[in-house]
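The following pair of complexes shares a single chain, chain A, combined with chain B in the former and chain C in the latter.
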Partner chain A sequence: MTGPKFSFDKPGKYIGQPTERPDTRRLLKGRGKFVDDIQLPRMLHAAFLRSPVAHAKIKSIDTSIAENIKGVVKILKGTDFIGIVEPYVGVLSHLAGLRSAPQMPLAVDTVRWQGEPVVMVIANSRAIAEDAASEIILDLEDLPAATNTEKALDKDEPVIHSEFDSNLAWERTVDVGNVDEVYARDDVVTVEKQFLFGRHTGVTLEARATIANYDPSENQLDIYYSGQAPHMMQFIYAKHLDIPEENVRVTAHDVGGAFGIKVHTYGDEIATAAAAKLMERPIKFLADRYESFMSDIHARDHVINSKMTVSKDGKILALEYDDLTGIGPFSMYPRTSAIEANQVLNLTGGPYTIPNYRANAKVVFQNKNMMCQYRAVGHPIAMALCDGLLEEAAAAINLDSVELRKRNLIPDDTYPTTSTTGMKLDDLSHQKALSKLIEMMDYEKLKKENADLKKQGMYRGIGFCSMIEVTNPSPMFYGIGGAPIASQDGATIRLDAGGGIHVASSVTEQGQGTNAVLAQVAADVFGVDMDRVQVTTGDTKTTPYGGGTWASRGAGIGGEAVYLAAEALKDQVLDVAGVMLQSKPEDLNIDNGHVIDNLSKEKRMSLADLARTVYYRGNELPSDMSPELIATRHFRVTDTPFVFTNGAMAAHVELDIETGIVKILNFWAVEDCGRVINPMLVDEQIRGGVVQGIGHALYEECLYSDDGQLLNTTLADYLVPMATEMPEIHVGHIETPTKTSVLGAKGAGEAGTGGAPACIINAVNDILRPLGVTNYQIPMTPNRLLDTLRSAKI
Partner chain B sequence: MVDTKTITVTVNNEEYTSTVNVRKNLIDYLREDLGLTGSHVGCEHGVCGACTLDMNGQTVRSCLILAVQADGMEITTIEGLPSEGIAEELKKSFAKNNALQCGYCTPGMLSSALEYLNNGGRANKEEIRRHISGNYCRCTGYQAIVEAIYDVAENGVSK
Partner chain C sequence: MKSSAFQYELPEDLSSALKLLNSNDLDILPLAGGQSLMPMMNFRVAQPDILIDLNKIDSLKNITIEGDYVRIGSMVRYCELEQSEIIQKHFPLIIHVIPYIAHSAIRNRGTLGGSVSLADPAAEMPSVLITLNASIELSSSNSTRSVNAEDFFKGIFETVRKSNELVTSINIPVSSMPKKFGFYEVTRRHGDYAIAGAVVTSDNGQDNFNDTRVVLFAVSTKPMRVPKSEAALNGNNFNNQDSINEAIDAVTGNSFERDLHNDETTKETLAKVSLKRAIGGLNG
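Moving on, here comes the complex of A and B:
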């Protein structure tokens, strides 16, 4: 290493600044490039006929009318993919015992959820394909459907996969300390609650979209992908369509929201690629909103019976719960549908010192759409569960819940440490975050105000959550279990002849501002203006190999790789400059596009001059010098499975006891995501996450009938938060950089979604509890709250 | 049954004459036939607001309008928003306030915001929130969007 190291002490020009995202220029001109914006020559369009019922045998499929519709090119059934697509199974070896059945892109002989693709119609336009799909006659023989999570393991419940003895997919128990000994004590108080978390889904405003194009002359498959993990999909298409991996190119341009919805393997997308290979033509498939609701993964679906025991002086002594979670008929490939339950087991109680802990999670199959990882996997469940019980316990021992938190949060000066469940924790700041939160919201004043207003018949409550968030995952998340999911990411930075730099990175952009953050780091560390930085992400052919963006890893892992590559390139450039300027490289630096004298700051040569000499006039350089103006570095988290962040959040709400409607008056979030590279982007990320969390707590639910019909499949009857219902969200930061990287950045994308539901649930129960009732079923719809209020003492 | 019709539409000050399928909606016509892909489709049933654009001075949901209904109309899409005046100020304010993440809601959001500002909308966050409540954004927390519009309502067009 020669060049001077980047110093965070003197604030960088870009790192830490609310820099505008270069990508917004394009998007504000209507020049984005989303999958549906792409038209390829000879492109065909796909539509799917989906199962109208939750569980049935396919007796026959009559496509004769559909085939004769003008413009229909091909109709494919499940059986047509046998031998063309290798079936896939959503299991991971580190989730011991997890089982699932092999899946094909379309149902072959049995349909197992309403919405499962059954027939694919390929036509000259989507409209014709849909017309034809509606003319296909499906002869189905109904089978009894297993739709009730709580009954899924009952003896008389239909078993969804005949090769298994029951609908159990996975089970795990964690048992630390001895909860029974605590229960036997007579100086303790135990509170017990059942938590019900309904299903909801991501509702990316741009629905899932794929174009597949196949060129037989080169055995080349090109996928235009609206998603988060291009390299993972490259592996999956290659393996299951039997094409060498290097012959599959997956490109993601603009992605209209993802939130974990777009990081999985969907049958309709695999079928699109398989059909393109079969027909040797480009095929486009766009899910419409109806299909999104029925086939985008759903999230949550937990029934939890739980209890917490505290001493009368406010120490949490024990936490125990059973979590039952329904995942649909298959475990999703390749991430599996057991990760959420596993996260709940690992994360619940993570902010606190809890000596005794016993938990069991059962993951069960159902005849409903598949459930899998969506933003803040497991976190909202874990946080709502522990902090909900904590609020109950505080009330039971007549202690302010903030005080109970203070007495039990893992102290800021005790890191590194491990959580009760064995998670390695470091660089966290729960106490500082809670203090800052209390100050920001003026808690004491607010409490008094609530009490005064109650006398006037207004029902207001405050709810808190102290949380941890899994970010920057290491190989221990998926890779260890055999999934084709990279946890390391890479960056290549090249100095171009004009003196600008080009960054290619394997993390991806879905609007978070990844590209901007990478450009900020590269510009600062290397020493050029951000206008001279171009960034490429989302392309398996031109970026280094990596995992993409999920589990809040873009800035923390992708940013660090860029940091390392920028340092390396700087060293290389200064080596060349040293020779050209007859100076020692360590006496030189790069600033504002120039090689400068490190002491006097005087400009010695522009980067364009240097690069042009190297590229065009190599004859001017000593012949034994072979300059490299390109550097690649990779980064992975090594000594810990995840880099945890922490946060403290609070909601102030008002409940109209006549209508059951909850109005959110204010929301505060204090987040410690390590070094903040761009506060403007982080703040709105957190707000966006909070708004999704509020949606889950109050409005959003995928409602099923008893026989497995999804009842709300339009945006008119699945409610997502709108501007007028949302509060001002005040964001505060504590910055404790992670020691696992130089940059010190942790993730921030999921905190809001992980913590907001707990705050809302707790705030509403803060109102209900004095009335003698509680409600721990989310979403807390007006109907549910009115039901609860019926037995309230008002 | 006649299933096509010839229409003449002015889009972003350019006149187009096209023969369209009568069942084709306006947004599909703009995106597929004219290649103006700046307007987006989020729901196709008039709820999400992503397809909102200006037709003869009024904001409309272009997924709920048939292309044939736009015969003789003047349409402005995000591609045709002027690079000056209030529209330009609004775009700058969106960038400055980080009022877009994925940008999928943005064309509709800009259109609704312009409607608000052009009709004398005040610098009042409640009113702005109410006005854009027909436009879903799934990425931001809406706050940045509200602030972006507020700033323009308050400061107008900078000289």
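Moving on, here comes the complex of A and C:
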């Protein structure tokens, strides 16, 4: 381990402060620059005709009427991309056995999910393109559709890819200790539950958007991108459109939310780029909300049969489950759709000492939209599963569930250690977090209050979750398996002639405040005011090479690279200053835009003076001196696959037992993301994540008919949580810096989404259990809860 | 999505609007507040050839007392209804219910005529109008007729309105404001269309239910009046739990329609809960 170079015991001017984001003013003034704000000369607009059915052979496509509509410029079918786009396959070598079929941007001879793009219409306006798309006649021969996850592997179920013997995409088993020996004991109690997690999706304010512009004179492809991973997309466009990688520029200006939805390869976006190359003109494609529901990746979709065994004195002895998850007809490229199941296997039970553990995950193909990584990949499943069983077990042995947690959480003083499933864990604080949570929420008082209110016919419950979160991943996540996904990121910082600095970083901003965090670190470490810092992110041409945003890594990895670059630039500047001021560099420092005397703190020279001398009046410098006022540093995590964080959360809810409506009264989250660079932004991340988690637990679900029709494609039918239903979300922090970096920052972006569903589910079951029933079908809708309550003893 | 192309007309008076509506057999749709129609057009669920924007027709925007009834022009917006002194004075039930309709941004544009014409089975106002014994005035270029609210709604998005007619006003007898009313609806989120709801009215200053109306909404293809529940209540004391229970039980046996998230059994359960709570909340 690198270990801290120095400690940040004293709060900095910016690091650790709830500094305002510099870009909010611009965004609130309506000066944001999103893909749709960009207008290029000669630009055309694309719309896609999507498959109306889940599974069919394409017999013919008649575009004759559409072609003759005024303003239609080109109509492209799947076959038109053969030879233009190299097919892609969503597999990774470290997920042994994972299989998927080659994909093209548009369906070629078979459609495999309702919503799959089939024909691309390019026209002078989006409205004309949509007019034309509605005039295209698709002659489809229906095929039986495999839509039921639980039947996907049955012998008589249609097999989606004829080259495979079944709809199985991947399978993995973990077997640690010996669960069977535990079951054989007679001093143990076993609880058994089935968990059903419906599909949902990330609803971004700005839907997916792409402009592709191709210049044949230089064989140059420019992509204006609303997404998270510009360098990954640079590789993908280059490889699959056969353009040298350096001739592809991917630029993301402002991005209106992403949540993992925008870190994948979508056929409609690849088709847009391929068509731009073919037509040598810029083409814009904006997904509308309707097609976003059908084509943005969905998430979750798990059926889990599980059991937990505890001793009568409250020790967790064994955990066992089978997870079946449906991913649509293909594994998504390039991250694959097996990562979520893999995460479930790795993370379930991670906060606890569980000596015996057996789990199997099967990932199956279905004729539904594709499933892939969305905020907190696997975490909500893993946490709801383990902590749900834990609450059941606590009830079964008549022990308060908080007490059961206390007896089984991995103690704070045992790190570094390894989880049951082999994850390296370090610098965690489960016990501290739980104690702080209990204190914040005044648990004993709340419990008593609930009991009193129940006598008056009010049904209130409390639910907990202790959790871990994967952050700051190393190359072990994707790179090792052959994916073009960097886990290292870089920062370049340049001292400008005016004395301000410019930071270029390869991590990206989607609205969460990454740029502000980078500016805070640079300003503090280098020694200028934040308003003298400019930040560029999201541009493959002008930033260092890196992975972008995923798996909660912006501050922890991107921030560390900025830290290192700022230190390096400072050393370089002080070297120059030493010569100019005839002082030893170690006697000098930088503060508030000036080179100062380290002891007296007296100003010696402004940075502007220094920079202007170097840039304009080099004649004043010794001729053997070649000053560098720019520094680049990169950072990656080396000693551990991931830097885990932990948290403890709780929800207080009320169930209207006559209507099945759940009201969340209060929510508490204690989170340990290591060094908190900006507490306000961390709180926002936690709160936003919790809100999404509440959505998963109570509202959000992509509903399909038996024949694979997505039934809710508007925000009137797909319910997202709204401000009026949200409780106060109280956030508490514990700071256990990671030893893997100097800053010590871990990630915070996914904790809320990972932990909140478990809390809500557990709180509702806290109400149901005394009534003799439980419900583990998520989301917990009024319909499902009323159904459960029909057999309750009230 | 973008709407398909259409011809746009902005008539300044009612007779021009009616003439346009009559002019040929094209698909012609009137545009009121646009809160439902605009999204339907963008989804291309509605693809009118001609859109007749009613927003310039001042004669449809008034609330007036005409003899023994109050006339509400079809283009009166929810927000105007809420602020109208006439409505506040005569129909506190309407004032009570308006905040349950959508959100204020939608109520700033949405109109009573639009709601009535749309006939969404989950909408509040159609049921309220039935309890108030309102009538809907329909005009075409050569005639005007009046249909009782109870007979006006036919099914999901379906009314007795003919394609050459406009809803021009909603007329409510001043005398029909009940002495007591109760309203309850179940929604998962604030401002959503209800998943079940009930309006109960009783016209009696004393202690017993009288001339009771019970209308359920959001549980079937149109507002559901429940005569058996009304009969169970009529003549009985407001606090007579047996008759109230009988009224609630009488909801069973009606035919309920599922929606995307709620099956028929849930609809029935929630209809009964709504009725129970509406009765429990009877005011006045």
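Heads up, the rule we're going with is that the second predicted complex is superposed on the first by the 787 of 794 C-alpha atoms of A that agree within 3 Å, B and C clash if a C-alpha of one lies under 4 Å from a C-alpha of the other, contacts with A are read in each partner's own complex, and residues count from 1 in each chain.
Quick note on the criterion: a contact is a pair of C-beta atoms (placed from the backbone, for glycine too) under 8 Å apart; a residue touches a chain by one contact, two chains touch by 3 or more.
Since the structure is predicted, the reported quantities are computational estimates derived from the model, not experimental observations.
*Asks:* A:726 in the overlay: touching chain B, chain C, both, or neither? Say first, second, both or neither.
*Replies:* After superposition on chain A, A:726 lies in contact with chain B alone.
*Asks:* Once the structures are superposed on A, label A:28 by its partner contacts, choosing first (chain B), second (chain C), both or neither.
*Replies:* first
*Asks:* Tell me which partner A:137 touches in the superposition: chain B (first), chain C (second), both or neither.
*Replies:* So A:137 meets neither chain B nor chain C here.
*Asks:* Residues of chain A touched by chain B versus by chain C: which partner has the larger set?
*Replies:* Partner touching more chain A residues in the overlay: B.
*Asks:* Now for A:65: first (chain B), second (chain C), both, or neither, which partner does it touch?
*Replies:* Neither chain B nor chain C is touched by A:65.
*Asks:* Who does A:513 touch here: chain B (first), chain C (second), both, or neither?
*Replies:* It touches chain B, and chain C stays clear.
*Asks:* Once chain A of both complexes is superposed, is A:658 in touch with chain B (first), chain C (second), both, or neither?
*Replies:* second
*Asks:* Counting only touches as set out at the top, which of chain B and chain C does A:692 meet: first, second, both, neither?
*Replies:* First partner only.
*Asks:* After superposition on the shared chain, which partner residues are touched by A:783: those of chain B (first), chain C (second), both, or neither?
*Replies:* second
*Asks:* Please work out whether A:255 is in contact with chain B alone, chain C alone, both, or neither, and reply first, second, both or neither.
*Replies:* first
*Asks:* Could you pull out which residues of chain A sit against chain B in one structure and against chain C in the other?
*Replies:* 127, 288, 714, 716, 721-722, 724-725
*Asks:* Looking at the complex, which residues from chain C come into contact with chain A?
*Replies:* The contact residues of chain C facing chain A are 1-5, 39, 43-44, 186, 188-193, 195, 260-263, 265-266, 269-270, 273.
*Asks:* List the residues on chain A that touch chain B in their complex, please.
*Replies:* 18, 20-21, 23-25, 27-32, 34, 36-37, 39, 127, 202-207, 254-257, 259, 288-289, 510-513, 680-681, 684-692, 714-716, 720-726, 728-729, 752
*Asks:* In the complex, go through chain B and note every residue touching chain A.
*Replies:* Chain B reaches chain A through residues 21, 23-24, 31-32, 35-45, 47-48, 50, 77-79, 91, 94-98, 100-107, 110, 125-126, 128-130, 132-146.
*Asks:* Which positions of chain A touch chain C when the two form their complex?
*Replies:* 125-127, 130-131, 134, 288, 290, 658-661, 698-699, 703, 711-712, 714, 716-717, 719, 721-722, 724-725, 781-783, 786-787
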